[in-house]
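The data blocks that follow each hold one structure.
Here subunit A shows up in two complexes: once beside subunit B, once beside subunit C.
The block that comes next holds the complex of A and B.
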């Protein structure tokens, strides 16, 4: 009984001692991240930074990203976030973190020295981490995140397989792409693979062509409900998939394929073209280091408007708004995104650097991917987005077209019905 | 003639049952075989070589997994966590279950049902609460804090299982022990615990498996990589976009061995424990 009393008393003491002291400034900053494949490089760079500045950077890895997100949310509630961390969630959640004072506004630091830091980074990546004036989240306008790398989604082609089919240059137009696909089929090569079991990737491909066919004003007008999905331009977008299906361009089971499996197919030369993100450089290198491939934007189907690809910040960090070491944390991120460090990161991890100047010293395939950043866009930087239930009807409708269950007109009507339903409920 | 037919049907039935059980066993064992097979391959061959036995065996993955995954540290950590958590669960849940089964105190049933209801709450649902609590108690990023939380995770199921056994324990046994001079703790230790040996086996197996394979809560509560369990070593081989499959499989193979050994030691008690059968 006496022991039990001692244990209870000790527990009470511990609880009473639970009122934490506010953190004090120190010469050590803590960074939480989730990027397993970049951990060794981060550790190496942190050591280098300590040698240069005397500031210790404690890099802590928590993976996978789901577990990391849980930890960040829990730490935010307990008010024990580290000096530097990432918010792996949609923009509305980032906005919540900002409004809670857990994220530092970096605009001042970015604009210092004539905007040297800001100008060194890809505009699209910074736009993804910024909140514009009058944003729907009610966040004070500014730049709140630092992109460590950027990504974009484009078309990959296998040079060896194309040569086998007698194709000397990759297609520049959609018609050429269909023609090349027929040539590949004639020699027994599957023309195209993508992980369209993952709706976002299918949405990305469809949206590229929507920009090309009708331009962004009409797309946003559709989101606002001013243009219907039964408009001939939208039916033209849906018809692309019917045409590719009829020509036998797709690999079998494309609508149920996860992107990891699609990546395997392309890396192991089971298909000549793939639609994938720039991270694939790393994946293909691991699976087949000898793969000889190139990258092009999806071949445009129209000359009416420029084809836009999705591209934005890849991984990014924010600085804890309540950190006593804010300045040191910002200084480290500035150093990490400087040219030399970005070259090291790009070389060792095969990701696209967020610093434009670092492109001079990266692999040719990454350079080609980077060219696409000029014509990139992303839902995160659009002035408005489609309702999720309408987007789902849109993407699943395209899957139905690919498997031959529905016609483009049927899908257009169903998507419009989903849109009308949401509007009648007042959610749009 | 009738006897022959009887023998024939008996053999047919036995053959059918054996074929069925063998196919079930095969579906259980094949993934383990595939894991071990891939552990001996390389990144170049793992996606290409479709043969059952790889053409070229690569033994280096195990050494690589051990060193790159920092298994030496994580292995010891996992052993510490598993032993402490399972011991804690067995002691606390058996004492609690014995109280619920044999003692009379106000609110007994309500408290018991609260424990049982706790099983319905998925672990992720309590993540934030646990993190905040451990932070306030200054137990975040400590072995002790993680062990306490893991004991908490395993209590409900174990209490339910122990209580099922203790409810079946004859009162005469208890009376005899009391006549021999045993107090409540003495009866629990000398009578109830040996009586519930099959339940202990099941609880040890299930909780060992749970603690050995746990990672999410460790990620949440532990910051220092030197305190992390074995599963942390395996994460190193799984990038956001690419995975080093052969080394990962080698790591998984090494991680699976201890838990298979625990299972083999305890297997004879498992069926009795799950069916609530008591020692005769």
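The block that comes next holds the complex of A and C.
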């Protein structure tokens, strides 16, 4: 009977140990992130912060970003999120986090002291996790995230390979780009590489040209279902890929290529042009420190509307709405995005800082990338986004065009069918 | 001992037994039964992983029935499985037969044949990505296969193996077979070694040649083992996923989609957790049915 009592007591202890206690305020804050390349610098800065303030910041890395994203969603469901974390998902999912009370509204902290903190950061980076009045997600307007750095996606060109093909200046128009690609092919150089096995990067390139061909009003009208994907302007967007395919501009296997491989191809001078994000500066430097390259926006195909590139917060953190250490978490993020810390982050990780004043201390190539922020846009700051199923049909359709399986018209019709299906389901 | 005391002792015994079983039973319920129940439950909801859940009845299943991409992905997995059942298992059986004989260095061969299965699928995918790389640099093919084909006088065979819809799935199926044949090899070799040698001697005395001995002794004795390998091959190949991700990322359009990549895509790309769960339920039912049919066939074969 004594044994039975011990067993029962042990079981009760196990059960009680599993019951969660409400978290108490402490002098320690926990931060979850996914940025392997920035972990050492984060750890170093956290130590410095503890020396300055006495607040311990426990930095925990969970990579890769896909796994991180799933971990955050699972932690949100179990209500065990840390004090500071990032939501890597679409804006609609960020909105769900906010509505569930899992994200703190930072507007008050940003506007304090005459908006000193807010004004120090790039507007477009802040917009990534901000919600305007009357937003379609039903979120209370405000600023909900702190950008740690900014990124944008542009075209890179290898100066040595271009010179080998007799090209003196990088292309300014789409026609010049196609002409340069032919010149490169004549001397046996592959013109263009990108990691279009990753759909978002392909989507980014296509939407750059959609902005250039039809302007943002028509794009958003399409998302609302007022313009069809079979519209001639959309066919023009799809036809860009058919034209580039026919001219042999793409590297072989571009539609199954991960961006890591594409970065390797460009860094090892297997292709003259690449389409990539500003983080590539760090990657290329590691792979080939002697690589001589420059950056330009994708050459426009039309003069009707300005070509817009994707640019926004590279990585943002949010403060857990249910954290007992909210104030300490906000204070740490404010410190992390101040000029001195941003200079350290930019210098050690070769990323564009989110603090505008920290730009003075970055490399010339990063400064060139930073110029692109003026003409940048991003799905996270658009008033509405396309349904993910339609986006998938759109991106996969472009891959179909590139491998020669379908024509632009066929793809346009199929994307419209996907759109009609989603509308009939009532999800749009 | 009176009736009351007996009942108390019995109750104590039962309670003690129950308490000993309780930890294992709890783990089983928490990690198997509950997730299984939750998955079926979620398949009736429209849910994005966070936020409100909307009950939609059988809508996810209705949509799934008309989802051409989903059924194509089942077909692709079936094709990969078919290649494994034929090419992979025939190779495994042939090599097991060879290693069962008294040949030199047979321990070394066993070791070599078992290397691919113990490698991670990501590693295998990356190695084959390099072998199949279609690119050139300074006029030289970077990929080993195309380089070899070109150098040995077959430039017409040089191909973008993973970038062409006509060859991508077959290439993946062959790499999958290369990775998987070692399991079949080990199981079949173990099976061959359990066959009583006296049966072979008796067949020899009866005047049976090599082929007759193979068809009348080896095959019938190996049938249960072969069926186990077949079932394991089917279950393993239908769920192939990591290898595809490592070789073609999110896929060559939809030409290399398999059920697990579709489920992953529904969760990761389109945040449709309910739809992904409905896909998982249907896929699970298909696998259970295939296993059930294989088991029945196996039982029948044993009776014969």
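Heads up, the rule we're going with is that the second predicted complex is superposed on the first by the 391 of 428 C-alpha atoms of A that agree within 3 Å, B and C clash if a C-alpha of one lies under 4 Å from a C-alpha of the other, contacts with A are read in each partner's own complex, and residues count from 1 in each chain.
Going forward, contacts are C-beta pairs under 8 Å (C-beta built on N, C-alpha and C of every residue); 3 or more make two chains touch, one makes a residue touch a chain.
Because the structure is a prediction, the values reported are computed rather than measured.
Contact with neither subunit B nor subunit C is seen for A:133 once the two complexes are overlaid on the shared chain. When the shared chain is aligned, subunit C comes close enough to touch A:93, but subunit B does not.
In the superposed pair of complexes, A:257 makes contact with subunit C only, with no contact to subunit B. Shared-chain residue A:399: touches subunit C; no touch with subunit B. Of the two partner chains placed by superposition, A:360 touches none, neither subunit B nor subunit C.
When the two structures are aligned on the shared chain, A:73 is found in touch with subunit B and with subunit C. Shared interface residues of subunit A (contacting subunit B in one complex, subunit C in the other): 66, 73, 77, 268.
Those residues of subunit C that touch subunit A in the shared complex are 12, 15-16, 19-20, 22, 48-51, 63, 129, 133-139, 142, 160, 162-165, 168, 247-254, 265, 268-272.
Those residues of subunit A that touch subunit C in the complex are listed here as 1, 3-4, 7-8, 11, 66, 69, 73, 76-77, 89-90, 92-93, 96-97, 99-100, 188, 190, 197-199, 251-258, 261, 265, 268, 270, 388-389, 392, 396, 399-400, 403, 405, 425. Taken together, the subunit B residues at the contact with subunit A in this complex read 43-44, 47-48, 124, 127-128, 130-132, 135-140, 215-216, 219-220, 223, 225, 235-242, 244.
Taken in their complex, subunit A has these residues touching subunit B: 14-15, 17-18, 20, 34-37, 39, 60-68, 70-71, 73-75, 77-78, 80, 264, 267-268, 279-280, 282-283, 286-289.
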